[in-house]
Amino acid sequence: MTALCEIRQLAVTYRGETMPALKGIDLDILGGERLAIIGESGSGKSTFARALAGLLPDGAAVAGSLRWSTGQPRAGRDIGFVFQDPSASLNPVLTVGEQVAEGARRHLGLSRRQGEARALEMLERVHIPDPAKALHAFPHQLSGGQRQRVAIAAALAARPGLLIADEPTSALDMVVQAEIVTLLDELVREGGMTLVFVTHDIALASGFADRVAIFRDGMLVETGATGTVLAKPQAAYTAALIASHRDLATPPLIREAGR
Amino acid sequence: MRLLRKLLRTPEGAIGLGLLAVLALVALFAPVLAPGDPLRIAGRALTAPFTDPAFPLGTDRLGRDVLAGIVHGARTSLLVGLAAACAALAIGLCVGLAAGFAGGIVDEALMRVVDAFQIVPSFLLALAFVSVIGASVPVVVLAIALGAWADPARLTRAQVLSVRERDYVASARVVGMHPVEIAFREILPNVLPPVLALAAIIVAAAILTEAALSFLGLGDPNIVTWGSLIAEGRNVLRSSPFLSVFPGLALVVTVVAVYLFSEGLGKALSSRGGAA
Amino acid sequence: MTLLDVKNLDKRYASGGRVVTALDGVSLTLSAGETLGLAGASGSGKSTLARVLTRLVPADAGTVHFGGEDWLALSGGELRRRRAGMQMVFQDVLGAFNPRATVGSVIEDPLRIHDIVPKAERGREVAMLLDRVGLPAAYAARSIRDVSGGQRQRIAIARAIASRPALIVLDEAVSALDVSLREKVLELLVALQEERGIAYLFVSHDLAVLAAVSHRIAIMDAGRIVESGPAAEVIGNPKSPAARALVGAVPRLIGQEDRNAV
């Protein structure tokens, strides 16, 4: 796989802040891969995702370079972005159909009818129940998980080559989280897209990522193939992250019940 | 305190506060800056401004000192503006708190009253009130307050409804806090900031309304106000525009100062970062 | 000894012309010093149950006996006094603390309201509680806004144990925390339980968290408890579809060998 984007010495400081959010990141994003950006709060992972997508706020100081192999990507057309909170990223006064079609109509020059057909197709692909009815529904009429499916449909409507998902499941419950991750995996595979998935959950990432990049305090700590990093972490921080993971097999904290 | 410092750090807040401070001092020291009755005949009629050092801003048709009029007028404008705004806020807060806390039929009833007062244009309301009862400072204050209390009432109620649902209010209930203590310690202090930001706007509007009432001859005839000065100058507007322009400028400066102050206050209050 | 006995709780909401059943005949028991994990997806009713139990919202039907008393029948001053025995820790999003409070005042509130210690000793008690949850006593003077998320949750726990309760209801108390902080908070909760014999009703959509701290687990779905039993039993052998979905949803660290096999 060749590099879709070469990031060199990327540094970002928000306006009004003294501490940089990102400090000199060197990373390659390979075409067609599924890359997980893993870090805790304050690690800079969201800043990285936004810098990649060109979504940093005004006045943010950016240093370093982002070199794209296919030329400067256009937001919506070449990059799709899924935000953490679907209640905030969907416009409450527009119907689901309008929002999903928006990107396709603007970038692919589709007519209103074609846009609606495309929206229906996208809603079917993200497995929304009763897609024809959902086209005319408003976001508040859907559940959290359904809203995130709509957001994903909207992000993919113009067939971008790169999908960036910034903690897309953190606002959802566990069961829905598993469904959304499966959906993203499926869509990315079918479309041959590149996926950059930002999360704080290393186990979640391990389920589908080809490579992982561990962030901490604005710096890239470690990167590599998922299996390799999990089996033999180079950095102490990575090892600590792996050790602090808790699943159903981890021994409980309580002593055996004896009242 | 912290808020003051944040306020002064914004350019709007600093300029606004500075101008208001100057105005307040002028109003306070009016008898010192321009001793004697501003309505007395001090010199020759219609002296042009910047010609006679004894009357820097000239004199009006009767020979009254314009500068003295403006300086004393500042007192009235600021006094009436502040008093009317305080009254409007007091009424608005009480009604808004009652509606927000009581809910149900009390809330409905109070909001219909608020609706009624908001439908009537506030200036006409003030006008009608003063015309019926008679022109004096307390009546003018009350008239302006009647037109202005509905907005803070609505805002207060909205704030109460919003703050009531926050987890920290639920937490206070679970801890066993008495409802009255919850109202005063948990809810009220968090309801006030946006309402106080509105206060500055109400002051500005009150000052303008008072000027307008005086201009129309409905203010207290025994004191000098900027509105009455502007009205005086109306008759000689073409030959001696300065008679209306100077008090008009004073009005503009005051209102702009209040707006800048409220902008600065709004910024200072919202910049209170909710760090999570 | 049964500390909490809930029978047939019902709660319905009218929403947009329709009636939503949030709780449908919910019954459960909790013994002193034990942890009952309450698991469910969003909309299962678990948060509503937490709010009904802490008397934040009224129930439509059913009874709750807490410490032998009819808990739902209490009101006014009587209820406020008894609240010392049942406290709550909320999911720490921005709204969990009064933005104007200080760390010390937040912990002192229950001490003052329930007269736990004489006024002269309150400062010392606050310092002791802060220390117990792993924070320096000097934090008492800090504004609650100047404290990080993980620290705020510890303060919430200090506030909850201040009134020496027999039961604490935790509503997604660690869901908003980073993974590394989560572990420390869970360890703290378990230690406090062993020390003070506090019972926990732990509400969460994350079964892994519940597995760590619960003696028994109950699964909620559509307002009903569809499965319950010892924690290891429910997790190892989930019978209901809801339980199976929750078990299946917990992400496991998949290493290289597993991935190749998959």
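Letters A, B and C mark the chains in the order given here, with residues in each chain numbered from 1 onward.
Assume contacts are C-beta pairs under 8 Å (C-beta built on N, C-alpha and C of every residue); 3 or more make two chains touch, one makes a residue touch a chain.
Everything quoted here is computed from the prediction, not taken from an experiment.
Common neighbours of subunit A and subunit B under the contact definition above: C.
Of the two chain pairs shown, A-C and B-C, the one joined by more C-beta contacts is A-C. Centroids built from CA atoms put subunit B at 51 Å from subunit A.
For this pair, subunit A with subunit C, the centres built from the Cα atoms lie 31 Å apart.
One inter-chain figure worth recording: subunit B and subunit C are separated by 49 Å, centre to centre, where each centre is the mean of the chain's CA atoms. Annotation for subunit C: residues touching 2 or more other chains are 149.
Within the complex, the subunit A residues that touch subunit C are 40-41, 143-144, 172-178, 200-204, 206-207, 225-228, 230-231, 240-242, 244-250, 252-255, 257, 259.
The residues of subunit C lying in touch with subunit A in their complex are 31, 33-35, 41-43, 149, 178-180, 182-183, 186-187, 190, 193-194, 205-209, 211-215, 230-231, 235, 245-257, 259-260.
Taken in their complex, subunit C has these residues touching subunit B: 51, 54-56, 80-81, 83-84, 86-88, 90-91, 93-101, 109-110, 113-114, 145-146, 149, 159, 163. Touching subunit C in their complex are the following residues of subunit B: 166-168, 170-178, 185-186, 189-190, 272-276.
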